[in-house]
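Once you scroll down, you'll see the structures, which are given as C-alpha cells.
Consider the two complexes below, in which chain A is the common component and chain B and chain C are the respective partners.
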Partner chain A sequence: MNRFVCFCLASLAIALAVPGCTNNSPSRTAETSGENSKAPAGSRKIRVALLPKIKGISYFSSCYKGAEEAANELGIELIYDGPTDGDPRKQAEMIEQWTIDGVDVICVAPNAPDVVAGAMKEARAAGIAVITWDADGTNESRSFFVNQASAQSIGEGLVNAMLKDLGPATEGDVVIISADATSANQNAWIETMKPALARSKLKLATIKYPGENASNALADGRDVISKYPDLKGIFGISTVSFPGAAEAVEQSGKSGQVLVTGLSTPNDMKKFVHTGTVRSVVLWNTVDLGYLTIHVAKALATREIKDGTTTIKAGRLGEKSIVGDNVMLGDIMVFTKDNIDQFDF
Partner chain B sequence: MSNSQTLTVDHDSRPVCFSTRFFRLIRQREAGLLLLISLTSVVVGIHDVRFFSVDVWRDILVRCAPTAIVACGVMLVVVTGEIDISVGSLMALLAAVMGRMLSEQEFDISCWIGIPVTLGLGTLIGVFTGSLVSMGRVPSIIVTLGLLTALRGLTTLMMGGKNIDRLPEGLTQVAKQGFLGVPISILAAAGVIGLTSVLIHHIPLGRRLYALGSSAESARMAGLSEVRLKLFAFGYTGFLTALATIVDVPRLPKIESGIGSEFELLVVTCVVVGGVAISGGQGRLIGVLLAVVLMTMIRPALTFMDIGEAGEKWTRAIQGMFILLAVVSDSLFSWRQRHSGKVHAA
Partner chain C sequence: MPDTGGGRSYAWWHETVIAVLLVIVLQFAGWLVPGFLKLQSQLLLSRQLWEFAILALGMTLIIITGGIDLSVGSTMGLSAVVFGGVHSSSGSLMAASLACLATGLCCGAVNGALVSRLRLHPLIVTLATFAAYRGIAEGWSQGHSYSRFGDAFSDLARGSWLGVPLPGAIFVLMATGFAVFLSKTPYGRFLYAIGHNERAAKFSGISVNRIRFWLYTTSGLLAGLASLIYVARFDTAQADVGKGFELDVITAVVLGGTSIYGGRGTIPGTMLGLLLIHETRLLVSRYWGSDELRSIVIGCLLIVAVLACQLVSRKRRS
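Now for the complex of A and B:
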C-alpha cells in the first residue's frame, strides 16, 4: 500500500512539474531590443532589465510596448523577462541572475514584496539601481517607485466619469462594489470618492465587499438593484466586481437605466461597453507606464535624478513630478465606446 | 443486508414527544434551521418588504443551486466518514477546461462534446481522489488539501494568465434565462436532490454508505467493499462538481482563475451545519439543503437590512454568527426534547 501511495504522489508531482518546466524554457530566452549587446566598454549602452509580475499577459505586454518605445528613443538595451505564472520566487531568481550579469538598472513589479526584497537589496548592494513600477516593493529594496496613478486621481476620476455619463444634475442612489473590506488600494480610492460624491447630487447608499469572488460580486449587484429602486449607478472598483456588477445590471434588464463604471482592463469590459451598460472604463495608460519607467531608469543610470529631486523630463510625456520617492505618471485614462477597441490588454 | 439496516439513518425511531406530525417529520437540526430561515426572512421582510419579491427569491434559489448540487455529493463522502475540501479548486479547473474547449476565442468545440468531456473529467478526478483515499489509505483531509492547492495551480497553468470569455451563446442563454422560464441550475439541482434522495432511501448502495460510516468494522464483516463505496462517493462528488460548473459558471461575466474560491468551505459548512455527523454514518439530506438556503440567504438579507457601510464590513462575522446560532439552536432543541422526555417518564 505504501508503494501505491508513493507511486500516486510521484505521478502527481511529475504531472505538476512537467508543464512548469516547459513553461520555464521560453521565459529564459529573454527578449532584447537594441543590437549591440556586446559593445565595447567605453561606448557601452545602458542596460535596463524590466521585470513584470507575469510575462505574457496583455496588461504587461502593453506596458512593454511603451518601454520598447522609450528604449529605442534613448538608445538603451532593454531586457524584458518575467515568470509566466506570476511566481515571486522566479522573480527573485531573475533579479539574482541580472545582478550577476551586471545590468545597470532593474525595474521590478513585485508580486510579493517580501519574497523579492532580498534579491533586490543584494542587487543594490552590488551597485545596481533598483526601482519598482506598477506595484511598490518594500522601502529599502528600491530607490524610486513609478506610481501609475494617485488614489486621488482614481477616486475622483471614477466619480467624474459617472457624473459625465449620467449628466451632472442627476439625483439618486449609487453603490460601490469593492473587493475585500481590507483591500488597501480600494479603501484609499473609496476615501477620495466620498468627498467627490458629497459634492454631487448622488447619494452613496452602501458599499458591498464581495471579495475577489465573481459569484458574490454578481449576487451583490443583483441585490442592490432590487433593494434600491432609485439606483442610478454602480461603481465596480476591482477587476472582479466591475464585470460582476455590469453582468448583474444586464441580467436584471436594467441596461441603460443603471450605469456601471469602474476600474478594469479594456478587454474584460469591451462587451459591456458595446451593449451600453458601461460607458466609461477607468484605468491608467499602460503604454505610458512602461515608457515612463524606462525614462526613470535612464535618469537613474546617468544620475540625472537622486533623492530629493522633484521633477523628471520624460520624453513625449513632458515633465513629471516626483512626490517623495514616487514618480507620478499622473492622470488616469478613460476608455469609452470611441477608443476602447484600439486597446488589446 | 439486515445487518447494515440496523446501522442506518433511522436512529430516531424511538417515540418522539412532540405531538404534531410536523415536528416528528423535521427533527432537531432541521427544525432549528427552518426556524432561523423563517425568523430571518420575517425580520428582513418587515424591514423591507421588497425582500419578499419573486425576483429576489428566484435569484436566491439560483445561487443555492450549485452549493446544493455539490453538497449532495460531499454529504455522502462525509457520511462514509471521509471529507472532501477540494471541490472549489476542482470547479475552477473544470471551468477552465470547459472554457478553453467551448469558447469561440479558443478551441470552439461543440457543447455536445465539451459538456460530456467536462462531466467525465470531473468524475475521473473524483474517482482518482477516492482511489488515493480508499486504496492508498491516505487520510482524505490530506489528499483533498493537497488537491485544493494542486488543482488551483493547474487551473492557473491552463488559463495561461488570461481570462476566458465568449462561451457559446446557447450555453450562457440557458444558464441565465433558463428553460421554459425555470433557471437551468434550479432544474439541475432539483434533479440531483431527487436522485440523491432515492439513492439514500431506496437503493441498497445508499444504506451501505451509511453502514460504512457508522462502523467500518461491521460493514467489512457484513461483506461490504469499502474501496468501491468510497470510490463511488468521491466519483459522485466529482461528477456533481462538474454539473454545478456547467450550469453555474456560464452565468458569470468571464472565467478567471479565482472561480470557486472558498466554495469548498461553503459546501463543507452547509454539510456540517445541516447536521451530518463529521464522524460519519449520520445525516439527512433535508438538513443539508436547509443549511444551503440559510447560508446563501445571509448576503442578500444583509443588503436588504440596510446595515450600512460600517455594517458591511461585518458581513463575514455575521455569517459566522449564523453558523453558531444554527448549531446552538440544535442543542437547545435536544435539551428540550430530553427535558420533556423526563416529564413523560415521570
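Now for the complex of A and C:
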C-alpha cells in the first residue's frame, strides 16, 4: 500500500511539474498552439467562439457559412462547435471550456436559457464578452442579442402565410408543432400567433412539443392528423418539426387537404414545396444572421459598441440598428414555389 | 478470474498500470494543449467529474460483492424530478433537497429489498428499475423542466471553499470514509468475502442479505446526492438527468481495477479510473473540440487499459 501511494504521488508530481516547465519554452508553444499563441496584444487575432443549438443541421450550417465569411473579412479566428444532440448541458460545458481557454467573445444560441445561464455569467465574470444569437438567453447572462426578426413579425408572418394559402375565409382546426416546451424563441412566436389566429376563423386545437427530434416530430404529426378530423393546417415552427409535420401529412395521404407552414431552411423544404404539401416557408436570411453575429462579436471585442449604442456597421449588410440590447437583422423572408430554388442553404 | 490477493498481500499491479496510463495521458495532454495542466483550469473543469465520482463509490462496493447497479442514472432522474416538484410546490430548497435524497434512498432500498429478500439477480433487478424509475420520472414530470433555484443553490456545484470545489470536498470526505470502511473494518472485508465466494461467506456467519440490502440503499442515496449536485450545476431539474451515467460509472470502476466478477477492487483504484476517463475526455474535447469523438476514445482506452493489465498480470504469474 505504501509503495503504491508513494508511486502515485510521485507520478502525479512529475505529471504536473514537467509540462509546467516546458509550457514556457517558446519553441513548443509556437509549434503546438499555432495561431492560438498569445502574441503581443495588438497583433493578436481576436478569437470568437460560435455555439449553435445543434451542430450539423442545415440551418446552423448555413449560419456558419455567413460567420466564416465575416471571420475571413475581419481576420478573426472562429471556433465553431456545438452538441450534436442539442443537449443544453453540453452547451454549458463547452462555454466553461472556452472560458478557460480565454477566447475573446462567446456567441451562444441557447437551447435552454436557464441551463447555460450559470456558465455564461461565469464567462462574463472572467472578462469574456458574451452575446446570444438566434435565441435569447436570460438578461444578465449576455450583453447583446443578435435578433434575426422580431417575434411579432415571425408569429404574424406565419399566420398570414397560412391564411393566404388556405384562403382567408377558411374555417377549421390548426395545430402548432413546436420544439421543446422550454424553447424561448418558439414560445415567443406562439404568444404572437395566438392573437393573430384569434382574429381569423381558424381554431388552435393543440400545441405539441416533440423536442429537436425528427422522429418525435413525425409521430406528433401523425397523431394530430388522426386525432383532429377537421384539421386544415399544421404550423411546424422549428427546423426539425416542420419537415417532420410535412412528412407526416404526405405519409397519411393528406397532401393538399392539410396544409403545412412553418420555419425551416429552403433546402430542407424544397421537395415538399414541389409536391404541394407546403406552399410557404417562412424564415430569415440565415447566412446574414451568422455574418452579423461575427460583426457584433468583433465590435464588442474592439469596444466599438457598448451599452447605449444605437447602430452598428456590419460589412456588406450596411448599418444595422440596435434596439435596447437587441441587434436587429431585419424582417422575415417567405419562400414559395416561385423563388425557393434560387436559395441554397 | 479474480485475483486472489486479498488483505495484506493485495497486489497493486492493476492500479499501477492505470496510474502510469494516467501520467502518460496527462503528459500528452500538457504537450498538446497549452495550459491543460494548470491547477486552476483543472479545478474548474473537475465539475464534470464529481457526480460520476460520487456514484462510483457506491458502485465499487457493489461490484466488489459481485453485484451491479444499473439503476443509478434513472434514480438520479427520479430524484431530480422530485426535487423540482417539491421545490415548485413548497418553495423551500431545504425540503426539496431532503426529498431528493430521500427519493434516492427509497429507490436504492427497493433495489436492495428485491435483491436480498426475493433473491433476484442484481442485473435483472436493476435493469428493471433502470426502466421503471426513468418511466416514473418522465410520467410524473410530463416533460416539464423545473429551473431557477437561485444562485445560493447553484453554489453547491459551482462554489468553492479555499479554492477546492464544494462537490469535490464532499467527494474527498466520502471517499476517505469509504476507503477506510473497505480496507480497515470487518464489514468492509466481508464485502470481499461475499464477492469471492458468497456461499462460503454465508456459512462463516456473514449476514450476506443484510449487507446486500444496505449496499444498494447506499448506492441509491449517493445517486440522490449526485442528482442534487447535477441539478445545482445546471440549475435545471428534469426527467432526463443522469441518462447514460450508469455505463460511464461502471466503466470507471472496472477501469480502476475492480473485478466485474467480484472479490477485488479498491477505492483508490476507482479514483484513478475516474481520473483517467475524466482527463482523457477533457483532452479530446479541448484538443479536437469534438463532442462525438469522446465516446470512441473512451472505448478504445478501456480496451487498451484492460489489455495492458492482462499483460502485466500474465508476466507476474509466469
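Assume the second predicted complex is superposed on the first by the 175 of 345 C-alpha atoms of A that agree within 3 Å, B and C clash if a C-alpha of one lies under 4 Å from a C-alpha of the other, contacts with A are read in each partner's own complex, and residues count from 1 in each chain.
We take it that a contact is a pair of C-beta atoms (placed from the backbone, for glycine too) under 8 Å apart; a residue touches a chain by one contact, two chains touch by 3 or more.
Just so it is clear, the model here is predicted, and its values are computed rather than measured.
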Partner chain(s) touched by A:S226 [first = chain B, second = chain C, both, neither]: first
Touching partner for A:E247 - first (chain B), second (chain C), both, neither: first
Which of chain B and chain C A:D81 touches, first, second, both or neither: second
Partner chain in contact with A:A117 - chain B first, chain C second, else both or neither: second
Chain B versus chain C as contact partner of A:K90, first or second or both or neither: second
First, second, both or neither for A:Y209, with chain B first and chain C second: both
Touched partner set for A:A181, first chain B, second chain C, both or neither: both
Interface residues of chain A shared between complexes with chain B and chain C: 1, 4-5, 8, 12, 16, 19-20, 23, 84, 181, 209
Chain C partner contacts - residues on chain A that touch it in the complex: 1, 3-5, 7-8, 11-12, 14-16, 18-20, 22-23, 28-29, 32-33, 36-37, 55, 79, 81-84, 88-90, 92-94, 96-97, 99-101, 112, 114-115, 117-118, 122, 181-182, 209
In the complex with chain A, residue positions of chain C that touch it: 10, 12, 15-16, 19-20, 22-23, 26-27, 30-37, 39, 41, 44-45, 47-48, 143-145, 147-148, 154, 158, 233-236, 268, 272, 285-286, 289-292
Complex contacts: residues of chain B adjacent to chain A: 48, 50, 53, 55-56, 59, 63, 131-132, 135-138, 146, 150, 153-154, 156-157, 160-163, 165, 176, 248, 251-254, 256, 258-259, 261-262, 299-300, 303-304, 306, 308-309, 312-313, 315
Residues of chain A touching chain B in the complex: 1, 4-5, 8, 12, 16, 19-20, 23, 54, 56-58, 84-86, 181, 204, 206-209, 211-216, 218-220, 222-224, 226-227, 229, 240, 243-244, 246-247, 251, 267-268, 271-272
